[in-house]
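Next come two complexes, and both contain subunit A; in the first it sits with subunit B, in the second with subunit C.
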Partner chain A sequence: MRKYWWKYLGVALIVYSFTVGLLVPLKPGIYSYDPGSMNTGQTYTLSVTGYNTFYTKAKDPIRVWLKYDSIHNIVATKVKILDDRKLEASFQIPKYLPTNDRVGVMSLIVDDDHDGFAVMPSTIFIKQDSLDKNTQLGSVSWTQSKIQGIHGKDQFNFPFRVQLSETIRNLYYHVPFWFAMFIIFIAGISQSIQYLRTGNQEYDYKSMSFTMVGTIFGIIGLFTGMIWAKDTWGTYWSWQEVKMNMTAIALLIYLSYFILRQSFDDDERRAKISAVYSIFAFGAMIALLYVVPRMVSSLHPGSGGNPALGADDLDNSMRMVFYPAIIGWTLFGVWMTSLVYRMQVVRDKLYDL
Partner chain B sequence: MNLAKEIGILLQKEIKIEWRQKHAIGGILLYVISTIFVVYSAIKSVDPNVWNALFWIVILFASVNALVKSFIQENSSRQLYYYTLANPTAIILAKIIYNSGLLLLLSLLSYGAFILFAGNPVKDIGQFFAAIFLGSLGFSITFTFIAAISAKANNSATLMAILSFPLVIPIILTLLKLSANALRLMQDTAIWKDILTLLAIDLLMIAMAFILFPFLWRD
Partner chain C sequence: MKKSFSVLLSLLFLMQNNLIAQSDNQDFMRSIGKMYVVYGVIVVIFIVLVIFLIYLDRRLTKLENQIN
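After this line comes the complex of A and B, so read on.
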């Protein structure tokens, strides 16, 4: 028990990431709205569809805002609740916008005491036909209401994003495989270096086992990513997508490593040459990691204006599942590696008999 | 015997061997020309975009074919003889330098053949030659090293391709961008950055080859 604590820890963390990652609901949010653009000086009824919301259970009246910036906003004159997920908010759009631009982009905010508040940032366009010479006029009509008394809810929820919705949970299954894969590949390289330094067969088997588990993790990561891509980007495979193709190349490199291993009969020769190749290939992979992202833009978070794992995207509730999942899969990968390694040693002994 | 002198003698030996088996380089040249001929009789219209891609693909395949023999043209007992005489660093360096020269020659001749059959869309000759030079260097380092690896295995020709193609992707991507710029298919004011990237990759690969080759030949 004391010796194998890390195996138990790994399994516990994986089980934790599965249960919490799948069971915790998403934060209430705004799923859709209509219309998406308005004109100044007119009255509109904005129909809002919520996600995971319970509008009928709200005790206080629900409030809806269109927010331009920190001081300029308008509040809905009337809010009609249709059911738990649908409401209609009437807006009287002032004659002028608080800006001299033709179009102002508004954020939609819905606040109720049961679900807390939900924001849909920069979504609704308001057009003004005649520009106001005196911006004060617009400014005044947009500062009549204040956004205050917001109901913050401190529940353990995952954030809601319209494009991702429930697939946001894939973060706990897709991304940790990459992290674990990289850690395991680096461990494999260090074993290769150890082999070249000492010439001890044991290190070759270890390096091979690490590489095998890393490759399996890479394939799983690729497939979970492809499922996610189908849902959010609309296609399983995108040639525009850098990280995806880079992964495919990395997997090609490691698959050819196994082909290389197969083509030797002599153990020592196989060990030496595959160690040399894996280190050389790792160097080429570093070049790949550096070069390819500069060539084309990526659809992945973190590039081309896409949000990354910053404060905005990975909030604390997700970190509490995401980081344990990485550690869990890494430990699990090490366990798998030790099994592959022991199998290899046993096979070696059997063939020697 | 110092390193430079060793490399010089090994280079002379390489050139002599090549001169004695003229069919090898002649075969590669014929390979390039017939590939260009087949491709262009299939496509017919020559768009600069296609020209760019085809040029580097032809160079890639010609390079693999030219360099696969690097470590198998001489029999293993003669290899052993060299290893007892020379420093492994000198051996790999001489091979890389010789192969770079070979590939440079091959690329320039292919460029000539491309001009002959498919026209010359290159607008910035200097940049294009820079791409050819750095490309031959990068290809030669990677392919020479992989040829050394695959020479130790049984089915070396297949292994050569599957081991080296994924590894040259960073080089070939940068080359495509560089030569697209030389063809004015795109305008990049910071193209020197790509030249530096290519140089950095070449340096990284040669450093790896340097460190790892002594482990490879000692068996």
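After this line comes the complex of A and C, so read on.
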């Protein structure tokens, strides 16, 4: 019992990541709207579709804004609630935009006291056909209303992103495998170095077991990513996506490690060459997965700049599930490793008899 | 053993085709905020872990035969 505590811990963390990761709802958000572009000086009825919203339960009147920048915005003159997820907001677009640009990009803000506020940034285009010679006029008409009294909700929710929607949860079922894979490969490398230092066969088996589990985790990461890619990028395999292709190359390098091992009859030669090979494979993996993706643009969410853990991309509520999932899968991987290793040792003993 | 492995593999691909067909028809995978993508991802994790178990099982069977 005392020996197994970390196995139970790993499984408990995985169960936690599955239950919390699947049961916690997303924040209410704006799912879609229509029309996407407007002209100045006209009246429009904007139909908004929300996600996880309960518009009919709002006690105060729902307010909808089109926001140009920090001081310029207009408020909807009339908001009609159709059902929990649909509402219609009427806007009287002023004759001129606050600036002399031909097109202004507006953010859509919906605020109600039940769900809190939801923002769809930079989505609605407003065109102005004639420019205002006296810029003050446009500016004045856009400063009539103020965005204030916003209802902030402090619930434990995952953030809502239109393009990801519920698949934002894949952060707990796709990304932890890459982290766990990396940790397990490092463990494998340390065993390889130990083998080269001591020449003890045990370390070779350990290194091989770690590498096997790391490769399995890499394959899981690749396949889970492919399922998601099909519905986000429209294809199972995108040749434009650098992470995907580099991962495939890195995994091929690791797969050839196992083919290499099979081609030796002599235990010592096998152990030595595969230890050296795994060190080189690890170096290649670092370059392919952690250096190259930082130099080119990627289609992955949160890939602007540093593709790892940008502060903007990880909500605190997501961290509470994401980090336990990493630890859980790492422990689970070590458990898998120990099974493969123990079998190798038994096999060794049997053949020696 | 080999048979069960190939059956499992073909099941995996069957399931994939099924999902594709449905997403083409009624946009099944993208309904309810793309929740089924998360479901598919979890199924994939499970399938790969099962394949790992099958691998272990086969190796252990070999060792058992060796003892006998």
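Keep this in mind: the second predicted complex is superposed on the first by the 327 of 353 C-alpha atoms of A that agree within 3 Å, B and C clash if a C-alpha of one lies under 4 Å from a C-alpha of the other, contacts with A are read in each partner's own complex, and residues count from 1 in each chain.
The working rule: a contact is a pair of C-beta atoms (placed from the backbone, for glycine too) under 8 Å apart; a residue touches a chain by one contact, two chains touch by 3 or more.
This one's a predicted model, so the numbers in the text were calculated from it and none came from an experiment.
In the superposition on chain A, A:R269 makes contact with subunit B only, while subunit C stays out of contact range. After overlaying the two complexes on the shared chain, residue contacts for A:N170 are found with subunit C alone; subunit B is out of touch.
In the superposition on chain A, A:V110 contacts neither subunit B nor subunit C. In the superposition on chain A, A:V48 makes contact with neither subunit B nor subunit C.
Looking at the shared chain after the overlay, A:M318 reaches neither subunit B nor subunit C. With both structures placed on the common chain, the touch criterion links A:A180 to neither subunit B nor subunit C.
Taken together, the two complexes place no residue of subunit A in contact with both subunit B and subunit C.
Put simply, subunit C touches subunit A in their complex at residues 20, 23, 29-30, 32-35, 37-38, 40-42, 44-45, 48-49, 52, 56, 59-60, 63, 66-67. Residue ranges on subunit A touching subunit C, taken from their complex, read 18, 22, 26, 51, 164-167, 169-170, 173-174, 177, 216, 219-220, 223-224, 227-228, 230-232, 336, 339-340, 343, 346-347, 350-351.
Across the interface of their complex, subunit A is touched by residues 142, 145, 149, 152-155, 159, 162-163, 165-167, 169-171, 173-174, 177, 197, 200-201, 204-205, 207-209, 212, 215-216, 219 of subunit B. Within the complex formed with subunit B, the residues of subunit A that make contact are 196, 249-250, 252-253, 256, 259-260, 263-264, 268-269, 272-273, 275-277, 279-281, 283-284, 286-288, 290-292, 294-295.
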